[in-house]
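The structures considered in this document are given below.
You will see subunit A twice below: alongside subunit B first, and alongside subunit C after that.
Now for the complex of A and B:
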């Protein structure tokens, strides 16, 4: 039959030019009469179907064994919990259903119709994403009916979709491209004009080519459900339907970059990445993010020595499958303002490039000229655990005890891990029903934690109370105060929110790490602990007392005991070793102090430095980071380092040898063995080491709570560290999105 | 010979297409029945900074409309409130009116924009005090709605969705209004008396001549009789009186159970 059709098709041009406008459509003949084809098949004995592996690691959990129902997907029986959709049942059975509008983390829209499957006894194909699976349902995913339905839907989707794949940035990772190859027809019948849609300006991060949009509304649902900004909507109707903001409005969300990932076509693509590379040219390196304390799992896509883009990686416990815009777009900062040679500041005040040997010799000479207690080492907010360990060992061997990490404030409380970690864990926040945010603005400090809180508020109607400066919170909350006096009211139970907190089943208190910088921090923490004790926030089965850290290095620094106080040490320092520390105040530093800056970016502290030692950035080294919930993760080098830069710990190790106090480790394994003796949890990669909680162990606090209101810990979300400050994209974001 | 024939066929196909759609240029424009684009462009009389609020009398009506819905489903009132706002604002919705509605029903403005752009009866650009809507659906089109629209546009000297210089009239198109039996028909949305005196009248069985008479009457401030404009018809009855079912209909035999 097929042969005859093809022969006819060949013959057509010869028959006459008059019918040349007529287009001959071939397709598998049994598609035209699916019922007939199905009936014609001989009733062969059912072949034994081997169990298939679920799609994308789909798993089923039965909270109640009675809720299990059995459905048949292509004849293969599969047990699923009640309430699952047909599409999810197919995934468990190992059948991948094509889809555009369905996304497992968003509400179900059911408007693309790509997921049509045949269900026995149903007169029409059903949209599997919106259809609940019923017991005994016989789902067929590869019958002629289902195939024809998909082919038809695909033809309609492609009707108004431009044929610009060669110039489209989504090319190669486009759902529409892939699925039209797999499920579409080899030609279309559409001869009319395609529509065109005006592009929207969504800001410096998301590039729009709205003509490519297939109206799946994933971005609209993401913006309103997860990002919590009600900016995007579906405007118009019918063939004039389009996604837009109606009024000229930028997408001012810290998660806006994720719409690039969820867009199944090339309508929303990355503006900084536009026309830079094709996805098949890129090498993906699975690493973690260091721009905040969350440690989002990322994939660094690089081409040769250049980081081309950063994408999120699935980690249900930390970032799910989202990342913040700062994480995603800070990468251009890795190419700018880099330090690539050791440098010494000459008598004329200008830096001169020197060799490593000379630079280290100068530093070693100076360090022996100062008194041991005048030596201070400061680890920066992007430092990994290995380099902090090396710095601490080196400074200690030089006879000083002044090693600290910026951001941890004066006299950090490092005795109990529970007093500086997010004890509930990020995923655990979903079980909470009341939140008390003390001096923290999670939306700017840790957008992924904020997304979790928002998810919980949406799902469980959890109540949120916030104490701190006025800020933009994208979920329902009560702003119950700006300073510590509200805490006192809560301690004494006078505040109306106390009763809410006391009646909560799983209350969560989150204290911002900005409090660390306050002089009355011990009193604030003691007040928070009293509130926690009164409201039974910490129980054997639930630990709801959390500290939300700001920087990637903070948790590991406290674990390793970098606990000196900058207020005491900086004014008396004569030799200051800054390991990437740019946000520490150097105003009180004596003018005759010798400053060594070891780091990867020419940022704030370089202005004061006498010697510069170039180091590698997080994308270029192997390093251990501990995130705010105490989960240890590794970065993996994605690109070679620039110029003559070296890993931080190697520089300190080399310096120690030149200075005559050789550190006893020459490899990562050796330094990790040393870390194991101090903080063994830092070797348990991708695991959370739980912290034990006991208020009784803490010494009594004699401090008085001051009446100063809490200050915002982060002024500009887009620029918090040396990498993001060097980034042009982040500068554009600060200019356009933070405009008041 | 073949190429000549092909050319002929292509030409004929083009003619057929033109006959169906009008000229190819207007094909796309005539697809959209809404009076505005799907996005907003600031103008002096339509921008978000323009203050807009319901009048005192309409505030009472807003309260009344909201009372129809549970207090946690205020957003259900979006369509009646937009309608009221449109009546108050002379037949169209500036973006600030939509923002005012969004504030009342406590949703993000975009959710109101979505509704206002979806329904073509919400005008997002200026319309005349008398907004004339010509039915463009098949029965009316067969009975000559194209000619009606042409006559209106020619008489008023405007294009579709354009307002006359005196601000009195504008002509738009609407889909089936359920008067196919009296086709062709036009609707006149009368915004000249604000939301209190707002009327929405059907004029059926119109002819190009009659429709001009109607708008001239409206211009003079008179009220043309609504309904069919054919003097020989009564409402939707047949011309010249009924032709069937004139006598008392006989009851169906089987219903008379005693007779069976």
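Now for the complex of A and C:
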């Protein structure tokens, strides 16, 4: 649609006052002989073109002022750095060139020819995406030659493109549709049969209608360059050219959903979303993903009370413009297995729906019958900061100090923020030249971080060493060990990789949060810190010591001080309050303990619960989440809550009043004011709060490193939390894509 | 039945409170007599009993017990007649009857529970909805 508007804007100065009668989608007579038309009226004065604002906020950075060159776009001079292409120069000048194959994050293919522009003194129109801009170049984007070239390209593309827009899922957001409206001819001359191509099976996520493909090869380049899987390729030549997997094979990448976004036509579309909705019916809500600790920026598209799909949102610092398949396709889990009424388990072991009044009264009665130190609160991996604050205040007011967040392991170290955050920042990883991954498999733990590491490895030839169980890493790496003994060798400098680490300019060490669950984690961390000290990983200008967290709630929980140890508190608990905690081990819990489960899905812990309090999921509430690099972000409600569910912090607040220890906040603003007194960084939204203190302040550790090998932190990438475990699509993915 | 109900005309205004009162009692009797037919046409046997419906009607009438202006009573009486006519003529559907006169009644009773008197505004709102 943007193209239509821009074409209108561009047409306006030339056509003066006759806007209403002007048709810009047409084969105008002067286009049939553009060269002649151009020659016939050379003396016509160039219309004054006012300077335009760059497309999409494009900016130029001059690293060296000598590298700046000046080119003219439609007569308007722009300064650009050397090495930019003609298309980029036009973007800086505010002219959006139509394109299909060009994508700013992929390599240049130059095969769609849609971006043809006229360059003075060049005999033919040039493909602007592949042509480097030269000093003094005079680029014309709006001449009859360029227009005719585009019209011709459109005609060729549409020759073999089926006319099935009414049943195509891309309809309404299709580049081909928009550009044929703006630049195409109003009639075709093609009377033969269109070619047809056999559809490929790329797995449960990506639906293919290969007849619609225009061979832009964006998906092939995405798969090989960013996703790092060599699954897609080009077969055949000429009109027999096809995109496909060479042999019958599924696309087994954790980023495969992104090919849906980059496909300019409807050849690759979302399989779960097929025929479900049209994009103009959907309401977009800009929110945050919670399925991993990265906090990818997403847009939740909803229709009425239903989440229809999830798309990525641009954030250069976190997820660029990609998201993982788990983020994109977990949304059907939001509609299944939901808890919608407060429930109490009867004497026969079956749950019975009750009113909120009765459920809270029962919980409040029981909580007063146990000793204060037998009360334990556990926050789940999807909890937001507000509800964790409320839970901690509530449990503390009941006289207990046992509040924890699952996944943080025994005795979490929350004293120094630098010891649980990704200090380099996700975008900062691109400056690194050596990576040491300790007990972490970023590909399954945080695919967006993995994509950054891969980008760095491809761009800077950074070296990667990995310590941990054998795993599939999609870039060049050395697997230097499976357990802590390799760490000891590195500490003592005996390992051959030590020299690489020591000679690195910007070394990065990433420790996985799976280590948190180990008994000897303090010793492992002190070993890592020694390596960091020896290799000068932490300097005033560079902090390369990172922890890669696993869950969305972890960082905020540690900031807020939910730091008791599950091994000490759960075996003696008589009253256990689970706030969405499903992955905590309840084996050691006494049989007579009373368990309250507050959450949105009937998942693992519900089997042990005595009372269920239904809560809202991340798509239904406003909540604060802190990602692994310490960046605070907000989710925004996209759909209404299910049934009789309530927001997490409201439930805790209401329960506190029924139990007679009323918490002093009644609104989100009030609870955020309370958070400000504990962790002010959680109120600095969309900003990364750096950890200021270094690990060198830590006391020495007397623990011994055990020789157990590191274990994988995530067994199944597609099913890690209650939402993804309830999702049918994620179940299909784990069945078909994780087959070994 | 429906035709007899349709033939009911709007009577002239009540001259006194006593006349209005007797008309209300007549209306109550008439509605009680139509309950079996209502149970039949809306198929309510498995959700409600005759006596429950009867007490619902009486509580609807008692809600306005404080009124003393015969004109107001006449107006309410007219509205009641119209409602009864609509119900008996099957101008409504089953869920209308159930929603208005069967379920939700105890919900109203629950909201008026005496324990809530000392509850905060937050808790009262919490019990009714998530959005406040």
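By definition in this document, the second predicted complex is superposed on the first by the 703 of 740 C-alpha atoms of A that agree within 3 Å, B and C clash if a C-alpha of one lies under 4 Å from a C-alpha of the other, contacts with A are read in each partner's own complex, and residues count from 1 in each chain.
The criterion applied here is as follows: contacts are C-beta pairs under 8 Å (C-beta built on N, C-alpha and C of every residue); 3 or more make two chains touch, one makes a residue touch a chain.
Because the structure is a prediction, the values reported are computed rather than measured.
Overlaying the two complexes via subunit A leaves subunit B and subunit C side by side, clear of any clash. Put simply, if you stand at the Cα centre of subunit A and look at the Cα centres of subunit B and subunit C, the angle between them is 120 degrees to the nearest 10. Looking at the superposition, the partner that touches the larger set of subunit A residues, subunit B or subunit C, turns out to be B.
By the document's definition of touching, of the two partners only subunit C reaches A:356; subunit B does not.
Of the two partner chains placed around the shared chain by superposition, subunit C is the only one that A:666 touches, whereas subunit B remains out of contact. Once the two complexes are laid over each other on the shared chain, residue contacts for A:244 go to subunit B alone; subunit C is not touched. Once chain A of one complex is fitted onto chain A of the other, the partner contacts of A:278 are absent, as it touches neither subunit B nor subunit C.
Using the contact criterion defined above for the overlaid structures, shared-chain residue A:539 touches neither subunit B nor subunit C, since it reaches no partner.
By the touch criterion stated above, A:368 is placed in contact with neither subunit B nor subunit C. Of the two partner chains placed by superposition, only subunit B is touched by A:198; subunit C is not. Between subunit B and subunit C, the smallest C-alpha to C-alpha distance in the superposed model amounts to 54 Å.
Within subunit A, no residue touches subunit B in one complex and subunit C in the other.
In the complex of the two chains, the subunit B residues touching subunit A come out as 2-3, 5-6, 9-10, 13, 27-28, 31-32, 34, 37-40, 42, 48, 95, 107-111, 113-114, 117-120. Across the complex, subunit A is touched by residues 110, 113, 115, 119-123, 126-127, 130-131 of subunit C. Against subunit B, the residues of subunit A that register as touching in their complex are 16-18, 20-21, 193, 195, 198, 200, 224, 230-237, 239-242, 244-248.
On the subunit A side of its complex with subunit C, the touching residues are 355-357, 616, 640-641, 645-647, 650, 653-654, 657-658, 662, 666.
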